[in-house]
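Before anything else, here is the set of structures, which you'll find just below.
Same chain, two partners: chain A is paired with chain B first, then with chain C.
For the complex of A and B:
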């Protein structure tokens, strides 16, 4: 008998029952002096408090990194992270990027040709030529 | 779904003017409208009993339940630092509009006879249409729409109300061209947005060295099917469905050949 791995009983279907936001943490790194960080510094002071209060399930970490361009980095439940460089951006542009990170699932971007992906078996079963009535040509 | 946005302004006017009949019955009337499955029977009994006294002319309880919601005063004028926490905090014009039905649902006698067979045979599938494109959905499916749906964010629940077919293993209810939205419930949850990898298309012109690079990176709305449910004949009758004789364009359930 061949060695068989453990079969998974269930697979995660986030949103079918309960829904968990996939983004768990957002890191905002900026430079204290740099001109390219000016937008992110303003964002942290003006727009971030309201946004952070709206999403209590996301952890926000704000920290200065010297001599670097500003970066917003999203950490996801599946263990991946997604960094976006926000140098020379206005606060409202940065807000769009932060919303993008919040809405993302953390998966790698892939091309997908079919819109529906299903784990369920086919509802109507597989067609068989030996069943059902005969149809004239 | 999008056609309802036309009714939005009209409905918000109606909400302002209409007196609150059942606002005491449900704490969040909009939520009750969305989660119809769970609180269907309880809220409908309340609604129908109050309807019979106040509005006897409207046959369906679903219609006035959402419309007569009377928002409190702090919802009208939220302060600057106010953050909406649930659906009742959203302003009137942004709330989902419950469908308005001019007349009760008409079902034929043969449909009523065959509907229990369809209802009893789980699982079900539905061919839901969005922008006239069909999506064959079963509960738990992962859907990536070929476009970015505006004005939704992750966590929102949508109800797909247009379907061309609804079926189980052996039975199919076919619409002509669509099934009445009061016969079934199909809900999806928006789980976020997705993007494709950056595409670069190189464009060239004749006798020119210059190569133009066109970059595109489309974004898509991702959702998960929460439920696909066919209503039982008892539910339909309770909601005010009327049994009529056979017509030409009446939907019928077909058995598998």
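For the complex of A and C:
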């Protein structure tokens, strides 16, 4: 055999073709009686239906958890989850947190030093000391 | 070429989801649904006697409903019943996440998630869908590869097919689509989960006994590339199966193929092609990394002889530190006046080999501009077909 084919797997470039929202599930846990859950209870009744209609790709789970502060928890495609405690928050503040969870990728927060990351090789190539003219000092 | 009337023959693939023996249950369920909803709407207008009658009937209906939905009843079936598809939030979310066409119903999407190892009944599992999806995927991928890179060696075509639509890639795609696996299949499972009977740990997959390849009892005999085209699958592999259950990889691959064919059947060919381009071709693959040459210099010589080029000669273009610990040589391979390739290395032979590899890759990875694929002819009012460039193929040494 003159040439062998090496087996690899193509890597995903989310958004290059189809875009898949990375947040797949949002869990909203509230306390039925607690005062700290008042905001989330109002949010579920007023703002959540419109938000859920806007993002059908997210599965919403609403469930009471007795004797606990309210929590909104996002589940992501990479398997991680992101919980945010929303005690004593107003519905509008909670909406901001829910939007934050919706837009997150699920990765840990990292400092991005380069403006662009790419899988493609540099078009201009890597600089080589053996090519081109010699320059005098 | 005229557009195929898919709906006529696709009936056999998407046959009605009627379970034998479940007609009664289906009828009961439908009747219950209608009656209960009317009762709820009309109830306030009724007099007390009639209302009492209604409530009595409602109680009766509720018991019937509870019985139909009770766990033992659901446990009767190996996969979730059809009506469960509309109640699953996971399934609706998956449908929306993939931007699937609205003509693709939830019931079919639910069916694509049921593997043949979970439900034996071909009317309820995704086997028939995945067969069609497999053919579509291999057709679209192979025409893309062969037309865009007409000079690829066959072993590299096998490898790139594996990279684009191989089981590993399809498994990764299933994960990236956010599809979760059910721990065990059954009628009570959420239809939005991938259902399959898991392979017992440590089970080894066996080659099929009644495969098409002759002399299968001689596993150590050499398998030529030509015989792989003839007898094996699109990746040059022999099909392997286990007695019971499938691996998660196999089940995921079957699911993705089934989704592809479900789009093809319900939304038509343009939608299926768009889905293929957006989800499969948009993935990143560096074709130059798939080559592994054994003797590149020998191959290049044979190639030049075949193409009537001048015999390739390696020449040193630049060098530094020949007698030092870290020498670097830049070697170019020339055929007459033309430089075919260039490479650099710590020794002359290494640099020459790299130059030969670069020259061979330059030849094999030739890609014509403005390629038109054969499947473009299936469109309405397609321009007349002009033959694409087809190469002789790889060098035979």
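A few remarks follow.
The working rule: the second predicted complex is superposed on the first by the 121 of 137 C-alpha atoms of A that agree within 3 Å, B and C clash if a C-alpha of one lies under 4 Å from a C-alpha of the other, contacts with A are read in each partner's own complex, and residues count from 1 in each chain.
Going forward, a residue touches a chain if its C-beta (ideal position, glycine included) is under 8 Å from a C-beta of that chain, and two chains touch if they have at least 3 such contacts.
Bear in mind that the values here come from a model prediction, so they are computed numbers and not experimental data.
In the superposition on chain A, A:133 contacts chain B only, with no contact to chain C. Of the two partner chains placed by the overlay, only chain B lies in contact with A:53; chain C stays clear of it.
In the superposed model, A:66 makes contact with neither chain B nor chain C.
Contact with both chain B and chain C is seen for A:119 once the two complexes are overlaid on the shared chain.
With both structures placed on the common chain, the touch criterion links A:3 to chain C but leaves chain B unconnected. Within the superposed three-chain model, A:12 lies in touch with chain C and out of touch with chain B [touch as defined at top].
In the superposition on chain A, A:100 makes contact with chain B only, not with chain C.
Of the two partner chains placed around the shared chain by superposition, chain B is the only one that A:111 touches, whereas chain C remains out of contact.
Overlap of the chain B and chain C interfaces on chain A comprises residues 13-14, 16-17, 21, 119-120.
In the complex of the two chains, the chain B residues touching chain A come out as 81, 83, 123-125, 135-146, 153-155, 167-169, 189-197, 222-226, 256-257.
On chain C, the positions that touch chain A within their shared complex are 89-90, 92-93, 95-99, 153, 155-160, 162-164, 166, 168-169, 172-173, 175-178, 225, 275, 277-279, 281-286, 289-295, 299, 317-318, 320, 328, 330, 344, 360, 364, 394-397. Against chain B, the residues of chain A that register as touching in their complex are 13-17, 19, 21-22, 50, 53-54, 100, 102-105, 107, 109-112, 115-120, 123-125, 132-133, 135. Taken in their complex, chain A has these residues touching chain C: 1-14, 16-18, 20-21, 24-25, 56-61, 77, 119-121, 128, 130-131.
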